[in-house]
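In what follows, subunit A forms one complex with subunit B and a second complex with subunit C.
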Partner chain A sequence: MTAIVLDDVHKAFGKTQALKGISGEIAAGRLTGLVGPDGAGKTTLIRMMAGLLKADSGALRVAGLDPVHDGMALAESVGYMPQRFGLYEDLTVQENLNLYAELRGLPRDDYDATFERLLDFTRLGPFTKRLAGRLSGGMKQKLGLACALITSPEVLLLDEPGVGVDPVSRQDLWRMVQALTGEGMAVIWATAYLEEAERCEDVLLLSEGQLRFRSEPGELTRRLQGRCFRLKGSEEKRALLRQVLARKDVRDGTIEGDRIRVVVDEGVDGDALASLGDVEEVAPRFEDAFIDLLGGGPGGHSPLADQMPDVPELKDPVSCQHLTRRFGEFVATDDVSFNVRQGEILGLLGPNGAGKSTTFKMLCGLLKPSSGEARVAGLDLRSAASDAKLKLGYMAQKFSLYGLLSVRQNLVFYAGVYGLRGEEKQNRIREMIDGLQLGPLLDSAPDQLSLGFKQRLALACALMHRPPILFLDEPTSGVDPITRREFWTHINGLVGKGVTVLVTTHFMDEAEYCDRVALMHRGRVIALDTPDNLKAQAGQGASMEQAFIHLIEEQDDA
Partner chain B sequence: MRSRRLFALIKKESLQMIRDPSAILIAFVLPVVLLFLFAYAVSLDIRQLHLGVVLQTDSAQAQSLAAEFSGTSYFQVLPARHRDEVTPLLVSGDLKGYVLIPPDFDQRLARGESLIQVVTDGTQPNTANFVAGYARGVLVNWLADRGLRSPIKLEARFWFNPEVETRKFLVPGAIAIIMTMIGTLLTALVVAREWERGTMEALLSTPVRIPEILLGKLLPYFGLGLIATLGSTLLAIHIFDVPLRGSWGTLLLVSACFLVPALGQGLVISALAKNQFIAAQAALFSGFLPAFLLSGFLFEIDAMPAPIRVLTHIVPARYFIESLHSVFLVGDVWPLLIKDILAMLAIGAVMFAIARAKTRKSLES
Partner chain C sequence: MNGSRLLAQIIKELLSLLRDPRARAILILPPLLQLMIFSFAATLEVRNATVAVFNEDTGQPAQEFVTDVTSAGFVGHVITVHSRQEQDELIEQGRALLTLHIPEDFSRHRLAGQPSPVQVILDGQQANAAQVALSYLQAIAMEQGNRIEPMVLRHAFNPNLIYQWYVVPSLSGILSMLIALAVTALSISRERELGTFDQLLVSPTTPLEIILAKCLPAVLMGFVMGSVMITAALLLFQVPFTGSLLWLAGALVLFIISVVGIGLMVSAVSETQQQAILGVFALAVPMVLMSGFATPVENMPDLLQWMAQAIPLTHFLVIVQGSFLKSIPADVVISHLWPLALIALVTLSGATLVVRKRLH
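Moving on to the complex of A and B:
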């Protein structure tokens, strides 16, 4: 059974072509991933399926209906959960359910049975009187899902349901979605994360408004059978990665714990890598296949790092002891202690609300701790916050660029902020332009540029004063995997020069780039170890996400 | 339109309103603050003006006139013998003006010529007018006491507000400002908030129709606006001694009619602005400021330059303030009220037509 038919769908917003002719079918009773980086057109397409946007040309049928002309009927057979779940935070769980039941015209006689079924399904039964705004991210997501399911739709549209939700809740969501597809519902799951795509039964892969691939994810990964390897050398992993990526017969390489994951060209044998270290063949993943489909990953050389001088030795670059921050009754960061060594990448990993950002803000001197101590470059942030700030480069989540200034003006501004003058200032700006290839777009406004370019510019601004310590807040969330690799190439290069990096992320894959990872859950660090050791705790071949779930459950049981 | 969906939306909006501190603040706390402000802090009446009285003759008549100046509560008098004593003080701003009683005062009085000279500080036109007006009033009184006529026949009589207390004028005007805030600002904000928080998207994916969403927003705020009017009026009558010469029914009727354009304007703004910041800016500039400056609340419309005067005709608060003044200070003057009500409804109809055309059931933009 086909639930959705797309036939050469086009959509433009002003000059931007959001969708450039998408055709395909989505089957009922299956979980279909709508996959692509930010700006690929996922949300536009999903809004069209929900009847919220009109196609410029081409045809679209959802559950046998034309979403634009049969709007009323469509609303009854399609459940839609927008990003941020579409809940009224100042209404209680029950009031939200009531509202959507009334709006969707659920017969009054069915109320009790429906609410009981949904509350049972989402396990929200005990919380009906709680305001939606007071729910955790995972519970909000379940309530959003319950509201979308009120009339038992034929098609369920979920727009990035996994963003910012803790891994346990995400696991629950997968379970619920599987139950729904088992009943014959077509579920569309939009996501920027390729690891989520791998779990879908079908995948529509979007990139820049075009459909790159449509099939079972397994079909794509099968093509790479025998071409994926894990490499462990005697050399330092980041240096090894550079060597691997410099080879002509390598398609792609990434860091995975203390090994390197390598995808080789077609027809190349794993033995070719034997000179670099121990080689072990591994099962291909969806991301490997995606990169292969796009023609391979970027090189491993960072011209930016070449220009940076070595960082002189720093004792104890970042440390915090018993760091605690309360907001009224709520403890956002609870007795957090860790040290970051020079030339190390430490990741703070956890869902939204776990306390990553609060911890981060205290380390940047943006927030005063309630108790405990935070030091950067040996300076106490309570007494010497501004001296400490000169030692660190900070790249904020939304990149804090001035959208109305040109790229060049942004660079000049940040150079000025860090007190650079005259010839030194000009040299530094030129270095950044060369090192990060900002040249071609110097006179454009950052608002008009791609996410990847903005990210490079933000990195340039954060590095203008050559800080020995770099703080990255969710640096690559939502960017495509190629851009993410380019970004980490620069970071790896900088670490090679002795720069110390602290990074927050809710993105499990990113944790693999870190030397050590601090898992945060409800304000506390529940584990701090190398990615490999963390994964080993959850059993053989476990992923970072499984490791996290394992540790949270262990914590909750204790 | 399904009444069931509409009721669900009204219920939702009312719940949100009750739980939202900013709505309560604007509807109940702001009125109290504004009314106190306009009743006590902002007064256009001026008392105890510093005035020099230059007495250049010692005749009994002249001294008695000087005493008359000292006797009124409007002036704080600085006596002087020569013009040169007070001129520097006027220049420095310590005096708001001076009165010169000339050496030949008695002769002038006998001949019926102009008696005194009043010099005021023209850099403060408003105060200068008060000084001149009050000084003339003192002179006229003094003459009348002697059974004499003023050289210029002058008779001032203020109707409806015999003591010319601006408080009685300002308090009804403050009610109009408050209603503008509730109608335009709150409405614009709550719709923008739905866009910002992504709930509008979820609403639009249900079978709800646009008129239902709009009405579901309007009716609760309409109710809130009327409740705020009632509260403000009770305050005005019982705390600030403003008379209510018309009827309560009429008061509520004109308030209801004013809410139509005010809410309509809020909807137009919210249809165009999808975040709360822009919505608030737009509401302040297009709703609050005109209601403050162009409605006759603080500045008389008749005193405005002709082009601005024309502009005031599209400010709904103008009609509301006019009818409020009438209901509070005069009574139910129906010919005037009907004219104002029709004007407000007409502006409201235009606003609603624009809002309907601009709010589309989709996210296209």
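Moving on to the complex of A and C:
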């Protein structure tokens, strides 16, 4: 049965063509992934299906209805969960449910039964009196889902439900959604995460407003059978990745623990890589296929890192001892100790609310520890003189840039704030423009740029003063896989020069780039090891995500 | 303190204030429009008032008095009534601003040289307008009496009571205060919302540099707008200027700095722009009301008079009004300048401390 029909749908916002003729069908009783990088048109399409936007041309039928003309009827047969939760944060869980029941016109007599069913389904029962704003990211999504399910809809539209949700909560969401499709509901799950796409039954792959692929994800992945390998060389992994990516017969390469994952060109045999190390064939993933479809990944060479001088030896670049921070009764960071060695990438991973950000903020001197100490380059940044702060480069979540200043003005500003002047200032700015290819958009405002470009600009601003230590707070959130590879190419290049990196992330494949991962849960570091060792703890052949869930559940059971 | 760091931030502040044409328009046009609108519309003069006359006296003095009243400038429409009940109804229904009741013995008392009272009922809902109208009425009555007992009333400094002479100079202070408050109150909280504030805090720049950089563009903005409005008062509204322009300019700078300090304090303690705007609103209204613009400070209870001294606008209004109409002497200006300087010092150090505390 077909739940949604799209027929040559177009939509433009001003000069921007958001959707350039999308046609397709979405089946009932199946989970359909609406997949694509940031700005591909996913949200526009979802909002059209929900009757919130009108198509410029083309036709749309959702559950047999025209979303614009049959708005009233549509509201009963479509459940919609917007990107930013769509909850009233100042109301409790129960009050949110009551409000949505009221808005949806649920008969009074059905209230109790419906709420019981939804609270049971979402396991939010114990939290009905908690304010929605106080819930973790995962719980907010579950409550959002419950609100969208108040009247049992035929079609459920979820706009990026996985953003800001840790693997444990995400697993819960999957379980819930699978139960719903089992009842015959059509569920649309928009996402930029490709590992999420892989788990959908059907996939609509959007890129720049066009439908690039529509089928089961397995079909796309199968095309890469025999072209994906795992390589273990004697060389240092980052240097090996550079070598691999420099080869003409390689489509894509990423770091996986202390190995390299390689996708080769069609018709190339795995033996071609044998000169680099031990080669082992692996099953292709959806992300491999996605990159292949878009013409392969970027090269492994970072012109930015080439310009950087080698970092002189630094003793004890980042360390914290018994670091603790309380907010009232709540202990956000609880007795955390670790050291980062020079030229190492340390990843801070953990579910929402685990204390990653709090720990991170104390290290860079933005927050005062309740007890314990945090040191960067051997100094406490809170009391350190201004010069000591020159050792630190900081890239904030969501790329904090001045939206009212142009790209060039942002660069000039950060150069100035780090005390650069005269010819040196001009040289550094030019280096950043060349190294990160910022040239063509120097006079645009950052707000109008793609997320990937903003990320490059934010990196440029953080590196202007050539810091030996780099702090990255969720540096690739919402950025598409190709841009993410480019970003890590630069970071890998910098690490090669001796830069020390501390990074927080939600992406499991990003954890693979780290030399060591500190897994945080409820304010404590519950595991600190190399990605490979962590995976080994979860069993043979486990993925990073499985390792993450395993370690956290083990902790919770203990 | 590092010059290039400070300069980079000042340029950043100016650009984020003025780069966007729409933001520029929103910042500059409304205050100028408000100056025009308030100067012409927000006047305390009463015109076109409806007056009811209930005259029970047929004598000549009564007739003359009625003629004088009905032909007075402030009266637009006269309703003649013939009973007390009719008169009360008009007031109750709000159809007349005031009623004038002349009793039948008015002329007799008048001619005998005795006090000759008339009854005036005012619409208390329009308290201000009614009070003003009453004073006009008293002037008319006085003129009538003049033939018997001459008496002179003269308003010093503003003999014709031209309302704009009072309002326009005061508005230059009020409006430039509002601009400076809004610009600064949003500046830190906006960066906090964007996340750029953290970025600033991890950089080598110091809290003092951050505050100074946020201060200068706002002072510049407030000073330019204040000067434009004072110029408008001089040239457009032709308010006589009797003081010293130099003293006034100096006072304007100090006044804006002290206001900027208040704005930055609000901004530093606010987490979001919404909080900052509400904070400005909560401060700006009482600051204007207690500054002496609406009611004289001397008429307030002692406690409020003390509080009024802590409001920069109170001092600036004395200086600006004095400079225009009263040829205010330099020593009086100075006695109001040092409180301004004190307020600026306290609020700016306060803002710096709050930023530093957030850091630690």
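Just so it is clear, the second predicted complex is superposed on the first by the 553 of 558 C-alpha atoms of A that agree within 3 Å, B and C clash if a C-alpha of one lies under 4 Å from a C-alpha of the other, contacts with A are read in each partner's own complex, and residues count from 1 in each chain.
By definition in this document, a contact is a pair of C-beta atoms (placed from the backbone, for glycine too) under 8 Å apart; a residue touches a chain by one contact, two chains touch by 3 or more.
Bear in mind the structure is a predicted one, so any value in this text is a computation, not a measurement.
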| item | value |
| --- | --- |
| Clash or fit (per the criteria above) of subunit B with subunit C on subunit A | clash |
| First (subunit B), second (subunit C), both or neither touched by A:Val495 | neither |
| Touching partner for A:Gly365 - first (subunit B), second (subunit C), both, neither | second |
| First, second, both or neither for A:Leu91, with subunit B first and subunit C second | first |
| Which superposed partner A:Leu99 touches (first subunit B, second subunit C, both, neither) | first |
| Selected from 167-175, 293-301 or 347-355: the stretch of subunit C that, after superposition, runs into subunit B | 293-301 |
| Doubly contacted residues of subunit A, that is, touched by subunit B and again by subunit C | none |
| Sites on subunit A touched by subunit C in the complex | 361, 364-366, 368, 381-383, 386-387, 389-390, 392, 394, 396-398, 400-406, 409, 412-421, 425, 461, 471 |
| Subunit A residues within the subunit B interface of the complex | 47, 50-54, 71-72, 75-76, 78, 80-91, 95, 98-100, 102-105, 147 |
| Complex interface listing, subunit C residues touching subunit A | 2, 4-5, 7-9, 11-12, 15-16, 19-20, 23, 194-196, 198-206, 359-360 |
| Parts of subunit B lying in touch with subunit A, wherever the complex brings them together | 2, 4-5, 7-9, 11-12, 15-16, 19-20, 197-199, 201-208, 361-364 |
